[in-house]
Amino acid sequence: MEFEIMEKIFIEYSSEPDLNDPILIEGLPGVGNVGKLAAEHLIDKLDAVKFADIYSKFFPPQVLVGNDGVVRLVSNELYYYKAKESEQRDLLFLVGDYQGLTPEGQYEISIKILEIAEKFNVKKIFTLGGYGLGRMVETARVLGAATSAELVKEMKDHGVVFQEGEPGSGIVGASGLLLGIGQLKDMEGVCLMGETSGYFVDPKSAQAVLEILTKILKVDIDFKELETKASQIDKITSQLRDIEAKGAETTPDDLHYIG
Amino acid sequence: MEFEIMEKIFIEYSSEPDLNDPILIEGLPGVGNVGKLAAEHLIDKLDAVKFADIYSKFFPPQVLVGNDGVVRLVSNELYYYKAKESEQRDLLFLVGDYQGLTPEGQYEISIKILEIAEKFNVKKIFTLGGYGLGRMVETARVLGAATSAELVKEMKDHGVVFQEGEPGSGIVGASGLLLGIGQLKDMEGVCLMGETSGYFVDPKSAQAVLEILTKILKVDIDFKELETKASQIDKITSQLRDIEAKGAETTPDDLHYIG
Amino acid sequence: MEFEIMEKIFIEYSSEPDLNDPILIEGLPGVGNVGKLAAEHLIDKLDAVKFADIYSKFFPPQVLVGNDGVVRLVSNELYYYKAKESEQRDLLFLVGDYQGLTPEGQYEISIKILEIAEKFNVKKIFTLGGYGLGRMVETARVLGAATSAELVKEMKDHGVVFQEGEPGSGIVGASGLLLGIGQLKDMEGVCLMGETSGYFVDPKSAQAVLEILTKILKVDIDFKELETKASQIDKITSQLRDIEAKGAETTPDDLHYIG
Amino acid sequence: MEFEIMEKIFIEYSSEPDLNDPILIEGLPGVGNVGKLAAEHLIDKLDAVKFADIYSKFFPPQVLVGNDGVVRLVSNELYYYKAKESEQRDLLFLVGDYQGLTPEGQYEISIKILEIAEKFNVKKIFTLGGYGLGRMVETARVLGAATSAELVKEMKDHGVVFQEGEPGSGIVGASGLLLGIGQLKDMEGVCLMGETSGYFVDPKSAQAVLEILTKILKVDIDFKELETKASQIDKITSQLRDIEAKGAETTPDDLHYIG
């Protein structure tokens, strides 16, 4: 085995990619699963390659069961993408089943990820997430926060919205910590937050985030699967509105599990 | 003393059995106590021998008091069974009063158990549990999950049910972790889950699990005590239904403590 | 300083008594504060001498403020009593403001106490506590649990009640752990539990425990202060009954704080 | 980097001031944010200089976002003030976004702060906080607690109120621990607690605390900003009373965020 199983975080590498100044992109579960949907869609469309599994005592003590009945321990995963055109950059993706369950676990995992990032010479980070509004969203804007005023300006030029006092409660979890601790390690970073109701998974918001991010990264992808998922959600939520209108008390319980 | 008491998990061995490629069987408390009832019944019928007590700071800070007034610290226990016929395999049992209280404790204990298992050269694991349906169960099926597609196929031949999307939330606790971490250590494993209401301890479900497991293990046992317990439970639950039918609010409070 | 402040438990000794095979007596806060009241009363009546303060990160992050406005960090304390008559034994007392807040803290503190006890050559332990009945108690019996059948028999001769299936949930906290872990270190021990409602502090129950314990220890004390506290409590609870009888909703809020 | 990022508490120094027997003044978030408001106002008025950021795994896993869209990891901060007149003393301030989230975190952080304080040769500590009364307060008195009877007497001469049995529950958090652990390190200390309703941030109570503290420290500051904040709060609370009088159910939701 290539990992020390008694550590709080143990990493199993299937390969050690040779990357050139890659950009780290994080999309873990969170509000509306916006970040996770966005990062996984990007990984899928770019045919990014998985090269490491991250297990941790800070994750739930749980295995997931695939449709084939085969189990796997809950994990985070690292993928890489090698630039195919001169204007692109190599990419390093962090996605997974869960974030750390405790504040200490959140810190430990983010610090570990940044140590790996340092080994790959990462100097720039994008963290992706949702910004819960507590109400239905017609057109999702993409809010931002960044590690420097220069980056804020640059992101505004890409259509990212910076609104004074938003998000008022700061950014909690990996999307915040990777930037905040990265900053202490002289990495620059941006958090892109797609507006979302926060009531269910939101592929539309993920698409809004990706439309901006792919322009920044100069990669070209289609959004078909996200659009399909979005119309499934739309269908369910309109059913929901009908049900509410009729005063019924039941909820379509598959609503939270798409995505 | 044969253990280091300041460790988070301390193990006291009463003997060191000489086992030949044993199969590890786990049955700790959980949904309907199905796994615990099944493993303890099997230990009892096979006259398996206790050889180690496992104490841990991850268990509740508690002693149990026997009917004779004598206390003992809460623990997990290891038993072994030496094969008596050529078609049988040596067995190593893990049973106990509690599972670890925290996610970290769950991981630490499962990792420690697997380290012990490795010393005994364990390559195969069965974890036993209940699958809560939230409704009364007439005939308990036995659902499965396994560490490989080959094992899934093998288990189907033994009557284990693999149903797409079940269990949707994965397998939480020792029954999941021993498989998931075991997998990383190249051990193969199966989780057998007896369907159960989840409302009370369920000896019938434990019997359903054992009927399959004993065939796989090629051991022959009777189920009398489980059947007796099951009819006690049936009696109480039918009283319960009567009480509910009459609209009374009291509950026979011994219901949860049988088994 | 005589302690290492970065440890999870740090002990400050004011003296190092020379004790001869002392008996350890524990009385920390718990159900009805029975154990704490009993041990503190005994310390007071025997003029036992404080020789150590125990501080811990497992206690609440809190100072208490004395009537003179002076603060002190919450702690546990060790006292000793040197036998004054040939039939008596030296005694070592553990009392304090709090028990450990977490299961792990409970284990760590009990293990540390037993390590200290070992240095003083302790071979016998009495832990004192309350046994909550959830109803008013006329005459408090003293229930017991012990580390061996011989001790159970011996305690029965002293009037301690051993009742099958009681306490059904075992003994939680320091009163349980000191016996359970002590057992692993070949110390023998008894838990004496005074019956109590569990609704408020119970000096009567503490007195019932002490009447048995002082006979075992062959020390002779009076119970005046406990009787005074008990009559204060009686007065308040009878007011409470009056108030309830009148249907009022207010509660004399000093009820929980006597003792 | 000047800090070891894998430690539970990591400190980044921007300078190492040369201080002469400084007094440590703590004002972290707490009841009514009285301590935080008071310490930050004093820092502002004295032009105290920030020289260290304290990050910790015991804080929430969170970045805050400034009005310019730039993030920073949540932290505590150290400031210093060099005495400008012969009757003054050098000052060392501890302020910040959060206190430690867990009891263990509270202990670890307070111990770390005191280790830093020892390096600067701190021998005296003032901790500032609010004393929640659960009712509106017309004129806030300043209650005290101290590490010795001499200090209690000294503080009474400065108008600090010491009232038997108050605070009955002791002092929880950094304001308590810094005194209680400091006491074990032979540092003397005082906690000044401004009376406050506990319902919202209370600049008036902070001013009451500062009026006493500045006399003790022999520094002269004005209270304009606190008075302005106080009148904003007054306005909102009187609106609140109007709303309540009319039976409405809405709450001005900016109430908790001033200060």
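The first chain written gets the first letter, and so on, giving A, B, C and D; residue counts start at 1 in each chain.
Note that in this section contacts are C-beta pairs under 8 Å (C-beta built on N, C-alpha and C of every residue); 3 or more make two chains touch, one makes a residue touch a chain.
All figures in this text were calculated on a predicted structure; none of them were measured in a lab.
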Per mean C-alpha coordinates, the chain lying farthest from subunit A is C
Residue numbers at the subunit B-subunit C contact, same meaning over half shared and different meaning under half, come out as different
Distance in whole angstrom between the CA centres of subunit A and subunit C is 53
Expressed in whole Å, how far the mean CA point of subunit C lies from that of subunit D is 37
Shared-interface residues of subunit C (touching two or more other chains) are none
Among line, ring, star, complete and other, the chain touch graph is ring
Given the complex, residues on subunit D that touch subunit A span 1, 3, 5-6, 8, 12, 55, 57-65, 67-74, 101, 257
The subunit B residues in contact with subunit A across the complex are 100, 103-104, 106-108, 110-111, 144-149, 152, 162, 164-168, 170-174, 176-177, 179-181, 183-185, 191
